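The same subunit A turns up in both complexes below, where it pairs with subunit B and then with subunit C.
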Partner chain A sequence: MTTTGRGASGTVNPSSAMVTPGFTWSPGRAFWVVAALVSALFYLFGKDWLPKWALSYPRQWNLPLKTEIGVFMNWLVEDATLGPISFQEFTRGVAWLLEWPLNAATSVLATGLMSGPGSSAVQLLPPLSWLAVIAVVVAMGHYARSRGLAALVGGCFLYLAVFGQWHSAMVTLASIVIAVPIGIVGGLAVGIAGYRWRGLERLLTPLLDLMQTIPIFAYLVPILFLFGFGPVAAMIGTIIYAMPPMVRITMLSLRSVPGELVEFGRMAGCSRRQLMWKVLVPAARPGLMIGVNQVIMLSLNMVIIASMIGAGGLGYDVLTSLRRLDIGGGVEAGIAIVVLAVALDRLSDAYARREPRSGSPTRGGLLKRHPWTVTCLLVVLGTGLAGLVIPAFQTYPAQWQITTGNGWSDLVKWINVNFYDALEAIKTALLLNVLIPVKRFLLAMPWAWVTLLLTVGAWQLAGTRLAALVLALCAFIIVNGQWPKAMVSVYLCGISVVIASLIGISAGIVSAPRPRLWQTMRVVVDTLQTLPSFVYLIPVVMLFRVGDFSAMIAIVAYSVVPAIRYTVHGIQKVDPQLIEAGVVSGCTRRQVLWKIQLPLAMPEIMLGINQTIMLALSMLVITALVGTRDLGQEVYIALTKADTGRGLVAGLSVAFIAIIADRMIAAGVARMRRRLGVDA
Partner chain B sequence: MKRAPRPFGLAATSLLALALSSTAALSAVESEDPIKLTLHDWTGQLITTQLMGEVLQKAGYNVDYVQADYIAQFAGLKTGDLDVAMEIWETTGRDAMDEAIATAKVENLGETGMQAIEEWWYPEYMKEKCPGLPNWEALNDCAEVFSTAETAPKGRYLGGPVTWGGYDDERVEALELDYEVVHAGTDAALFAELESAYQRQAPVLLWVYSPHWATAKYKGEWVEFPAYSAECYGDPATGINPDMAYDCGKPRGPIWKVAWSGVKDKWPGAYEAIKAFNVDNDEMAEMIVKVDLDGQTVDAVVAEWIAANEDRWMGWIGQ
Partner chain C sequence: MPQASTKLACNNVWKLFGPDPHGFLNNIQGEPDPETLAEAGLIAAVRAVDLEVQEGEIFVIMGLSGSGKSTLVRCLSRLIEPTRGQILFNGQDLLTASEREMIEIRRHKMGMVFQHFALLPHRTVLGNVGFPLEVQGVDRARREARALKVIELVGLAGREHDYPRALSGGQQQRVGIARSLAVEPELWFLDEPFSALDPLIRREMQDEFLRLQSVLHKSIVFITHDFDEAIRLADRIAIMKDGALVQVGTPEQLVLKPADDYVAEFTQHVDRAKVLSVGAIMTPATDGPGFAGSLNVDDRVAAIAARVEAAEQPFAVIDAHGERVGQVTRHAVIDVLVGRELGE
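This part shows the complex of A and B:
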């Protein structure tokens, strides 16, 4: 489960601004000192001195973009045509095509082969029995790597059966099994096209940025209009969300195939197609597999949101359990998602690294040549037939299921009754001393001033192009009347990112040199990344009430993951000889850490923080569910009112905040790398 | 749309049984296409919808259940992607429903018989700490009791998600209540706070609606505001505050059934049955409690109702 280095995609211009080592007094530095003073003045006296339009952008200056998008959507859905057929007929056709494989997968895994419409449908064939599915994944685990992996994935699937999550998990698995290959193949195709034609890549890069940063709620409504209601629309949403990393990684890893190899392929007389499929793609395979892994993980992240528009499955179970405040039910279904993610992640990883084994017999009986395939087929058939007589072979018997029951609810109740006052005290202190002042400060800044500072900062980091981009993106947020909500978003994410980075970097520093601890940490990190945040959001609300503080905890819990991962990665990557040199020249352990490891790991750590920011922004929509008043809430309101224009404008504003942060950090990292003399 | 996996043999026999038993019924229905009923994420709605679905199946119709968002579903109802939505609340769905009906592609099939109540609510134990309740005028005396560190000295009232509307901010202003309105983002967050406060017997004042399991699980009362009238909302001069509207309680109103306008011609019999559907609050509350608090499945509760009320639903399908 590696996170992609999005930052690497940022454009890097040789800095036109000052690169002055040491603490000399330069105009750049002077500017920021003055800026800080002016900001402080605005905070203290802005309300009295400044005209009203400087603080809140007047409504009558807004562009009517929201309405225009709404009109455009209506036209697209109702009147647009592609030659003889209407656009909607075209998209419905696509949905109809996708429905076939999805129905097939659902039949095999969950419902069995049904015939007839609606409720009069009858089951012609039962679905794969639970034993058969477990046998197949165990076989895949063994084939891909080892007995250990087989036991792990087998155990994961056994959890689903034992905790009564089987049926829902299979519905979810069915949509994953279809969405993931489409995401991979589509991503690969687009990526290859982008590799061949530079122009296309330039077009793709901003589009991919938007696909990854616009909250999915913002475009759910148009998807529903165009593709109809139900699992297929949910699956299309999943694919849109999960595909971008595959495209990026494809382009990146094809580019990084050594030139000699390509040259060699040409000399050997490869055609263009052969060069691609016999040389480039196999050589780029390790990179591509990271993309595959990302597609799987992101698809599973979408399970909850997909269930809101009709995908059913585990996401639906999580939502309904929590609506009943059945915390145990929500946790069990949530862990089922984690378990599914872990099993698929480890399997795909093992397939990626698998070396063809020598010495497997090529002669002998069918059983000898394909022991696993034959065994699986036998188990599928055997349990299927046995299931006709003894249902336990087909469906895991309900009386053997176990459940944590009220354990989780009781735990939360115990904490609530015994520790509420202590928690409340901590919360109040943080709110009054940190959160509220920061919020007031940001809201007191005039929009033009913040835009100016950002633009100057961008110019210093990477020159005029970045400055122009930042200016344009800020202007979009301003003229669409999203500025105050954007500032609330920045405040909530900003504080969360600072806390998540502090926790994440410390945790990374502690666990990097200790392999045992890192093993445990990985489990925690994997869980945090895949457990739907809704599961812990409700207990958090019970302990901390509705409000910004609960939202902050949820954001920190989710976005701390890359900060940990990248810190560990960065520290482990530091050349051991340099540490050796430090130790020899008499550094204490603390000095080794602060003078050698951390500075050298800084570019990776910054990339981690960049990812932390991205994840924090992506959580805004989820935290809207506990009542924040920011861009996330705006997107959520637009969703429930089916207002495409409003949702997309707010969604784009979130995306633009993300892009500004990403580009500026990327430029900063590039500068830092040059100064440290580490080449990217 | 959960279909319990069944063993092959059983399926085959039931196919035979179905073929024998349903020929008479099926010949009576106008179209064998499944009628698509929407499911949302609250238990009452699941029960209502599956009750209707069961009854339609008894009449020989094919039904299909589709997960859809409460408001977003209107897009589907307009095109006929979805056919029937069984619970549109006067209090939360009115605007979306009116907008859809105005296009003439969606039709209101009348009341479900259930009445939606939404109002400020407090647990019973709060009456000790604030003796003047349920009269709304007592609220200002108790603002301190209901306050938290962030809102003090004002009281804290936890409103519903912004999308539910409800005009609570306006109400607080018009009635000059010393309260701050905090909006929960979802239903789940709203009741999570209630559960937490109830466990500690701590002060809480929030938006509760009925029919819902909360009114069965927690003992408490609705605040009594000046009674709602259309004029009170529409005309500032009416009511206690001569300068502002919304100086009264929230409207109570029916829960409606709506359908795609094509249902009438495609399945006339089903159309009549859906129009005839009627259950009341007490009946529904009892079923919701069985599911959410006693842990029975929706299917079981629906089956029980169907078995016990044969006369009623036979009447709906005209037999």
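This part shows the complex of A and C:
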């Protein structure tokens, strides 16, 4: 049909076949049929026919990148200087700058003001009493939105006290309270600079892309190397992890301030600084607040991971429980993180949407103008003083605490006693019939062959530039000796993504036309999204213990949300007139769904799957804890050994897999949109 | 009319959008024609514009969408840099002013009203109107007092503490107007200030605008794409087409002597009685049986039509010095009212 090699010719994605009925031969399609046959041959006979180097890239051909990074890091720490000061002094300075606010926040919220060394320290001043903290958050909830929110937030914090998580939660909160403002201010500053100077923005964009796809662990390694083990290193990791979205959102929302508003500012005679701080930033506030919310959520997401390099608090509790396989303790601390996340998320979200209230400012005394602030201060003082006399005012009394830990352990025991066989059967069946064959298949493919297929696919989708990018990224993975591990990662993520997509798309299809169901679904989906990735591991390990299967379940649970969300969005977005047209021409509901809604929603659904892939990849390193053998494990090992080169190379490999998937899907979606005639 | 002083003048102003417009203009001799511009991938949003705005006059720039009106006012206020040309404000060349000087000029001497209001969403009416003063560093008490005064002037007293989103479109634009007046500018730019409003509100705002101008006597550059609005408000109108000025004149001149078909197209459907003056339809006075009364040369036909129609005799026309310069017959007035061409 077509004569040109690319563009209009055959296509790789199966979905297009759905839209265009019938099958036509073209060089493009023919290539993929042949490719499938060749791959099958490789799988069956490759071991016997192919030379050894074709299957496993020889070690002696590896680039010494890992070692060189290691040498560079050593040089950085030992010999490098920045002008008059050595690099090490510089990192110590940074650490010192971060250390004292963190200590201050921890003192205020958790430990009280201590004096003296280590365990012999004496408490000079107690921390804020639990009642005071609750009073403050309730007041914030009321100020930001309503009584309802105040009750929710207060309830969350009360939960922390009642269930005995208060101290750890406050340690975590202290690090959040310091990391979040730094992340926000830093992100805002970089974002503003990017807005001012186009060149900088062009530099930042790919860097931000990379930061968001590279697994966090990969840059924890150099941080650990530079700053040592401890809360400060953990906080730096958190800030670096949480800042990129703020940078991006800052640039985006500044750019979307209406041009007339900027012109008005200039006509009013604003200086550049006035224009930025009096016009642009306030006008962009709603967008910026979404960024703030993102920073908070990502910081919380980092809580457990940060505890691996020395942060205490709830994350540490989860981690140690997980290592001891103490299910009850892990679940309790995990739920506490979720509770904290929900409270902070709703609170910051309410601040983001809060609109200033009309009406003339109230005049009068301090109490009248700031009733909540004054009340809070009084509660803080009152409980502080009362706490000196009656300890219950200071710390929630231990005898009133409730623990659910045993309950959880018993539940798991019960499930295991009663359902062990069933669970085990499911696990074994899936392992034998799906997981292991797929893994074998991928590992049997020669590296050059897979690279070739990917490059051809990229070329068909978007031409030479994408093909060159894909080729280069694959080459990086190959020459650094990461190929087999990368294939294991692809297998693990691939299967998880397929399952997550099937579940997500079906759930989306079911709930899209049913508003009431979608309402409920949305609550579930929103909650799933606020859960830190680690939390997913806990129930999975409880039920299935360690191994690839557990990792897969955790990845599926973590990454299913975007598939649902985008499917629903895509289906709901279809022009109602088209649906009416279908109904009028006599389609059944089923036909409307399959012939009109789904094909038109396809670009959107693909974007959802793309997001699912990104989340799945970001989950890889976390699943390393349950004993996978992929790039994630490599990064994790590097972390425990503080081996920067190893960690970075493996981390970049994960990022590159993500970039390949992302770019190819984006190109596929763009093509699909063009064909459907929908605007991007 | 006594010769007023020139507030704003521009000579041969060009604005080209696209790659390297300066290089293009420097390399070319004389005026580039549309073909060479298109070849270079450039859009000439403003081309070779000369105009003068007199002190205290309402100068309306009018043209179809995309004809370059907005770009031209933005050049005049130097919100965008013209590619070539000279702009004189009170005789000072704006294009050579430094950033600091420009800020000073804008703070004290220019005001602008925007099509979509451009109100700051995070500030109340009071905060918005006080903003230009705040930027100048005027202290709070003084700027609020001044802001309240202009808010009252535009009829929004009592709404000071509302946020823009709580106001209707017409009210929002009143805030925009109040805000631009807060600094008592000498030169006032309005870029399609009423285009986003409903027709009824638009008329109301036009009346309001005329009322304000009768008190304030600003020098005004007013942009619109609505010819009816232009003739209601304008002392003089400049018609723009594809970036160039086609004709500049009083509404009457445009109606009587359109420079080309494009202008004629605009003027075709206007209510001529509101545009034409007695002077335009008078005939030399005959010493007939006597006059029913006298009219001024500058009176609009619509204003005197009823009187002339009711009388049997023609009316005498006298000029500013009380000299009789002609007469107007009932016939001539009816010609205008029913839209017959003059002298048909």
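Just so it is clear, the second predicted complex is superposed on the first by the 566 of 680 C-alpha atoms of A that agree within 3 Å, B and C clash if a C-alpha of one lies under 4 Å from a C-alpha of the other, contacts with A are read in each partner's own complex, and residues count from 1 in each chain.
Everything that follows uses one rule, which is that a residue touches a chain if its C-beta (ideal position, glycine included) is under 8 Å from a C-beta of that chain, and two chains touch if they have at least 3 such contacts.
Computed from a prediction, not measured in an experiment: that's the story for all the values here.
**Q** So, does A:Q611 touch the first partner subunit B, the second partner subunit C, both, or neither?
**A** neither
**Q** Counting only touches as set out at the top, which of subunit B and subunit C does A:E424 meet: first, second, both, neither?
**A** After superposing on A, A:E424 lies in contact with subunit B but is clear of subunit C.
**Q** Contact-wise, after the overlay, does A:S107 reach subunit B, subunit C, both or neither (first, second, both, neither)?
**A** The answer is neither, since A:S107 touches no partner chain.
**Q** Given the touch rule stated above, what does A:Q165 touch, subunit B (first), subunit C (second), both, or neither?
**A** In the superposition, A:Q165 contacts neither subunit B nor subunit C.
**Q** I want to verify the contact counts: of subunit B and subunit C, which reaches more residues of subunit A?
**A** It is B that touches the greater number of subunit A residues.
**Q** Is A:G547 touching the first partner subunit B, the second partner subunit C, both, or neither of them?
**A** first
**Q** By the touch definition at the top of the document, which applies to A:P282: first (subunit B), second (subunit C), both, or neither?
**A** second
**Q** Between subunit B (first) and subunit C (second), which, if any, makes contact with A:T213: first, second, both or neither?
**A** A:T213 contacts neither subunit B nor subunit C.
**Q** In the overlay, answer first, second, both or neither for which of subunit B and subunit C A:L261 touches.
**A** In the superposed model, A:L261 contacts subunit C only, not subunit B.
**Q** Which residues, counting only subunit C, touch subunit A once they are in their complex?
**A** 74, 77, 79, 103-108, 110-112, 114-118, 120-124, 131-132, 134-136, 160-163, 165-166, 180, 189
**Q** Could you list, by residue number, the parts of subunit B that touch subunit A in their complex?
**A** Its residues touching subunit A are 1-3, 5-9, 11, 14-15, 18, 22, 26, 32-35, 41-43, 53, 57, 62-64, 66-76, 81-82, 96, 148-150, 158, 161-163, 182-193, 195-196, 199-200, 202, 213, 292.
**Q** Applying the document's contact rule, which stretches of subunit A touch subunit B when the two form their complex?
**A** 110-112, 114, 117-127, 167, 220-221, 224-225, 228-230, 307-312, 316, 319-320, 322-325, 387-388, 391, 394-395, 413, 416-417, 420, 424, 428, 431-432, 537-539, 541-543, 545-547, 623-629, 633, 636-637, 639-642
**Q** Show me the residue ranges of subunit A that touch subunit C in the complex, using the header's touch definition.
**A** Those residues of subunit A that touch subunit C are 258, 260-261, 263-264, 266-271, 274, 278-279, 282-283, 285, 355-356, 358-361.
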